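In the part that follows, the structures are each spelled out as structure tokens.
Both complexes below contain chain A, partnered by chain B and then by chain C.
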Partner chain A sequence: MASTAKKRGKLEKNHWGYIFIAPFFLTYLIFQVVPLIDTFRYALTDAKAWYMDPEQAYNFVGIDQFKFVVQDQFFKDALWQTPLMWIMGFIPQLGFALLLAAWFTNEKIRVKGQGFFKVVFYMPNIMTAATIGALFLAFIRPNGFIHNFCVAIEYVKNEKYPIISPWFGRGIVAFINFWMWYGQTMIVLIAGILGINPSFFEAASIDGASGFQTFRKITLPLIRPIMLYSLVTSLIGGFQMFDVPNMFAVGDTHAVFGPAVSTIVMYIKRVAYSGTFSVGRACAASVILFAITAVCSLILFWAMRDRDAAKAAKAAKKRAKELAAMEGGNI
Partner chain B sequence: MANYSGTVKTVKGGYHARILLVKVIVYIVCILLTIMAIAPFVIMIFNASKSRFEIQQGFLEWTDKITNKTLISLLPSKSFIQNGRYLLTSDALGLPFGRGFLNSALIAFGATILSVYFSALTAYGFAVYRFKLNKLLYGFIMLIQMVPTQVTVISFVEMMNKWGLTNSYIPFILPAIAAPGTVFFLRQYMSSALSLEMVEAGRIDGCSEFGIFNRLVLPILKPGMATMAIFAVVTNWNSYLLPTLLLDKLEMSTVPMLVDKLKGNKYSVEYGAVYWGLSLTAAPLIVFYLALSKYIIAGVALGGVKE
Partner chain C sequence: MNTLKRVLTGTLALAMSASMLAACGGDDSSASSTPGGNNSTGTNDSTASGDKTVIKVYTFTDETQGMINDYLAANPDVAAKYDFQVTLEAKAADYIQKVSAALAGDDAPDLFVADADYAQLFAGLEGTATLAELGVDFDENDYYAYMLDFTTVDGNRMAISHQAAPGAVLYRTDYAEQYLGVKTPEEMQEKLSDWDKFKAVADELKKNDIAMVSGIDELKRCFMANRNTAWVDADMNYQIDEALIKQYLEVTKYLADNDEVAYAQNTQWNPEWYEGMKEKVFCYFGCTWYLHYTIKPNCVVNMSGKDADGNKVATDADLVEGNGSFGKWGMIQGPMPYFWGGTWWYGSDKAAADPAKKEAVAGVIEYYTCNAETMTAYAKKSGDFVSKKSVVDAIKSDEAFKNPFLGGQNHYEFFAQAAANVNAKTMSKYDDTFNTAVNDATTKYVLEGASMDDAIAYIKEYAMSNIEGLK
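For the complex of A and B:
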């Protein structure tokens, strides 16, 4: 009796769960779901920015906005420049993070001052990206520190400053991304490696594996889920790149790199709030960004999935099927 | 481990020399990376104290032997106060950085308090109550962490404009109630920090459900909430795109928006003042970071290992 009463009491309390999670879902619905639906809706119209057209007298235009965006040279440029700048930064980011994580967790090297190095390497990540962008802009512009350095080593003669080129611009954005993020990736990977069961390493050392072999055959496969997580979050962030390249943006006197560092989000902002104020076009570009991110994340998940586990699962399924068939035959 | 190095020592004579070589390489790389991480900030602060002329002249103390011109000087100089005055009060520039800091702080702390409290509330709802849609809705929260936020930015701005929330801080603070990443972290945190017996005990003592959460559970969650609060403060403080789209009054500008003004046309000649402004925006974050670095590094490590 007592236990059923208690159970009933618990059951009655369980509806409180909905009350506790209600504020989250209500807020998410209003501020995220509604704008997401609006994005898809506006993408099919010729909507203008609200303060250009407060009556909201827009028309349904089908996929015209998508057609326009896909043929727009500025969008095409942003479409390849954004992932390129991301990948140019991400390769050294992951490379350095892996190398440092391997060193810092290696018992034979025993790096001293690890706490200090972690704090220093992570520091750029916490800074305002806009500040970092403006700082590097101050360095690279004419009469900035890099220009002066080039003059000092007599690379630059007179007024010519040849390193201000599109590829230098993309390179500097990629470098800033690398510089801001490798520390973060390193800390995450170290945490992952420290979470590996030490008996694996002991077994490897008993079998006489070298440090590199241990890293390749034990560490790397076991931190693959964490690397995948870093890769996907970095990719999602990379496609949304805005703060840093916007500091080198078009339109100001310091349009140092012109449209060479333009990204998808910069394009979206520009189309919606300058020129023709076409929210419809901006939303069409947003939908494309959404689709690209989703497809790339799925591809990464698929490509980086645990192949052995997938194989094992497949084999198990096959065996189960065979068994079922055999049993069916027996009956 | 000791056994291993012992056997190798006998097999390979050069073992110790090799480890030493690796160690030297490791420290050289680490020191180079340390310089790379710190140098831009040092240059920034030194240049903040220089006049426009000095900055145009250069950086390190490198003397060009032919022209006998000082090209690069590392030393800080005397124009620090002058640059600051130019940045904050001159007619040409006069950016309201004091207001900017207040505005950013208001947004950052407002959004952080809401996001941490309501995320804990949501996580608690999922952790303690066995309602029908529990698994489904929690799976939804895991999924929406992956949605790129900038996809909805234009529609969000349009909605806020329609609602008359241009030049208001509500669009930056209120949506923080729904922070999927924080919910996920605190839900994981609860699975180790919170015991259901305690919740039961609270019920027997006649606490209301909200009373249990506010008085018994919140104090236990403090360390986890603090970790998330640090990151929420930084993220919201650094937020740049959305404020530039929704705020157009100079006195309502946040710090990153004022940084944007620094790169603009008419101020850009005064390099010293630009560096001064950048140092000003970096300083509070550097202090914040150095004071809390232990918790931040631990938080990064915790946040990354999600599986």
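For the complex of A and C:
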């Protein structure tokens, strides 16, 4: 009995593993992959939401929807506004996170009350984006403190007027994204830094490297994969930005910045859930969003690949080839 | 041993995936019921709760629950047989989507209501029953025509409203007397009979630090109802009453530029809007339901009640003269006749197919839209302006019917005249989209300094993006 188990051990484990992960993949297949593929199909039709058209009497219209979407000024605006608001938020987000992560992991400084600070920095991420959006909305409304400040410095004509500058709106959205996410990025980066072999830092300090040099030459290169992870997840999240800007542009009731903070997902939602409920058009926009995200992620992966490792692999391959050639020559 | 392990794991995995699937299925059927709803969540709606038949109600306003409660209190025999459950109470965009989706599926509501913005849309939906199918019996000639025509599809009357909603201008009689020397509604009407006079009055009030209107979207409903053409014609061509929209933008910009608004932004349904009802704002573009439902409970300063969220609300005891601006309001037609809203009642095909449900649904609808006696009682209780002409005529001539909020003015007399002038021919089912477009255009023109041509062009641009097939 014992010997058979030993013999079949490896195979057995794999087999059980597959069974255990099967429910997830089955559900994923049914509820994610199938609708995903459907999106591509619908993008080629003039389909409406099914409750507007229960018979689903839609027609295939080729790439007409794509043609419309790419020439639609609202989509074009969303197309540059979305990444711009993401970048405006992401640069300070990564900067702050790196700085705080470096401080918290620095053996020389030994920051006291780390747990407390980490919780405080992470806190904004726990609240829903809509809550934070509503909070900032209260700040910039008449008699909110940001609004009062703008009136005081005469940025706004008088207290009756709202702050309407599109750049102010985009700035607020970017700031909220930064404020919500720098804590999370910080935690991820700290984990990355703690994963670095401490003997590197010891060696550096024995060699007399300054804090900044250690950071530049050891920490940064070694947490590159973690930074890439942060960058890619944030990029994907950034392109799908919706809840925060939506709070500042909810058309009918309280248009503060209106179209100036419109994003791609807001565009998708609007065409799918109002007017003619054009699912086809929304799907076309979604496919474009998918393509953009995929291309950007690929570019990032390529740009941030480990160049030394790639070089080493190439060199090893070359040597192996040379060796093989030499051996072949010998024979 | 191994077999046992395998069986156990397999069962576990199956159970897990099954529970996941079950959760998804359950989600579907309960998605349309609100958490605050009731115990019907997840149960099949034809199941009786206790031994009563459940009537599922969807609504966009918290008035509906109260109206149904009143109906049941007056009809104990119905209350004994049926259980009316308001399982969805949601606001516009959300509501439209949920009702439309539910009607096409198995989980359709039996009874639902609509606001003017989407009443036409609901009338055309798959799953909405005609009034004839429901067995609602009414004399068409006894109703304001616009209100019935509005929800008529292929000659079938699909819904009926218990209220007609002609619009009016509600103005502060105390400010009028103090700053304009105006004593009667007739004089006030003369002073506000066109938009140039309207601007002149605004200038006058500005000197005394009183804002003419609350925000830059206050005049919108009035202008929108006066368009000479629908936004979209039958062939999906875009049409605009350019002269009127331009006039709207100009008047609004004039008020904003001269600081004659309380806030230079959209205020409708925002805290700033309600604030102005108490003081500092001269007039509101309101209508019938607005009078008793919006401005009356919000014009008082001392509020002794609390709503479910803990916010202060006015109780009947608070609605007395001297509290806030109560009793200091007058009502006139203003520069243009218009209408705003209404509450249309619908039954679903599902209710029409089930004789028991059909009876209950038709019962409520008839109670509030056909029965002269109960409609009179409702009108006197709420102050709402009902849709049945014969009831209106009776109340109009009732000397005892005076409105304390309006300082004793009989608003029925006024509304009866105004309702006759209403025209709803220019409404279309895409009005929701155009409301947003016009709002954005107003912000652009009035606040951001865009040119008039750009603002007008924006409306079409937005509509093209939102309405597929628009030409």
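Here is the rule we use: the second predicted complex is superposed on the first by the 295 of 331 C-alpha atoms of A that agree within 3 Å, B and C clash if a C-alpha of one lies under 4 Å from a C-alpha of the other, contacts with A are read in each partner's own complex, and residues count from 1 in each chain.
Just so it is clear, contacts are C-beta pairs under 8 Å (C-beta built on N, C-alpha and C of every residue); 3 or more make two chains touch, one makes a residue touch a chain.
Predicted model only: the values in this text are computed from it and were never measured.
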Practice prompt. Identify whether chain B and chain C fit side by side or clash on chain A in the overlaid structures.
Written response: clash
Worksheet entry | Which of chain B and chain C A:111 touches, first, second, both or neither | first
Practice prompt. Using the superposition on chain A described above, determine whether A:16 touches chain B (first), chain C (second), both, or neither.
Written response: both
Discussion item. So in the superposed three-chain picture, is A:262 touching just chain B, just chain C, both, or none of them (first/second/both/neither)?
Written reply: neither
Item to complete: Using the touch definition from the top, say if A:27 reaches chain B (first), chain C (second), both or neither.
Response: both
Practice prompt. Figure out whether A:236 sits in contact with chain B (first) or chain C (second), or with both, or with neither.
Written response: first
Response to the item:
Partner touching more residues of chain A, chain B vs chain C, is chain B
Item to complete: Go through the superposed model and pick first if A:50 touches only chain B, second if only chain C, both, or neither.
Response: both
Item to complete: With the two complexes superposed on chain A, say which partner A:273 touches: chain B (first), chain C (second), both, or neither.
Response: both
Worksheet item: Touching A:74, do we find chain B (first), chain C (second), both, or neither?
Response: second
Fill in: Common interface positions of chain A, toward chain B and toward chain C
16, 19-20, 23, 27, 31, 49-51, 252-254, 273
Discussion item. For a test of understanding, state which residues of chain C touch chain A in their complex under the given definition.
Written reply: 9-10, 13, 16-17, 20-21, 24, 92-93, 97, 100-101, 103-105, 125-126, 259, 261-266, 268-270, 272, 430, 432-433, 435-436, 439-440, 443, 447-448, 461-469
Item to complete: Show which residues of chain A lie in contact with chain C when the two form their complex.
Response: 16, 19-20, 22-23, 26-27, 31, 46, 48-52, 54, 72-75, 141-142, 158, 160-162, 164, 251-256, 258-259, 270-271, 273-276, 278, 280-281
Fill in: In the complex, chain B residues that touch chain A
1, 4-5, 19, 22-23, 26-27, 29-30, 33-34, 36-38, 40, 43-44, 47, 55-60, 62, 64, 71-72, 118-119, 121-122, 124-126, 128-131, 133-134, 137, 141, 144, 146-159, 161-162, 174-175, 177-178, 180, 183, 203, 209, 213, 234, 237-238, 240-241, 245, 255-256, 259-260, 262-265, 268, 271, 274-275, 278, 281-282, 285-286, 288-290, 293, 296-297, 300-307
Worksheet item: Which residues, counting only chain A, touch chain B once they are in their complex?
Response: 9-10, 13-21, 23-25, 27-28, 31-32, 34-36, 38-39, 42, 47, 49-51, 96, 99-100, 103, 107-109, 111, 113, 115, 117-124, 126-132, 134-139, 143-145, 148-149, 151-152, 179, 183-184, 187-192, 195, 202, 205-206, 225-226, 229-230, 232, 236, 239-240, 242-243, 246-247, 252-254, 265, 268-269, 272-273, 279, 282-283, 286-287, 289-290, 293, 297
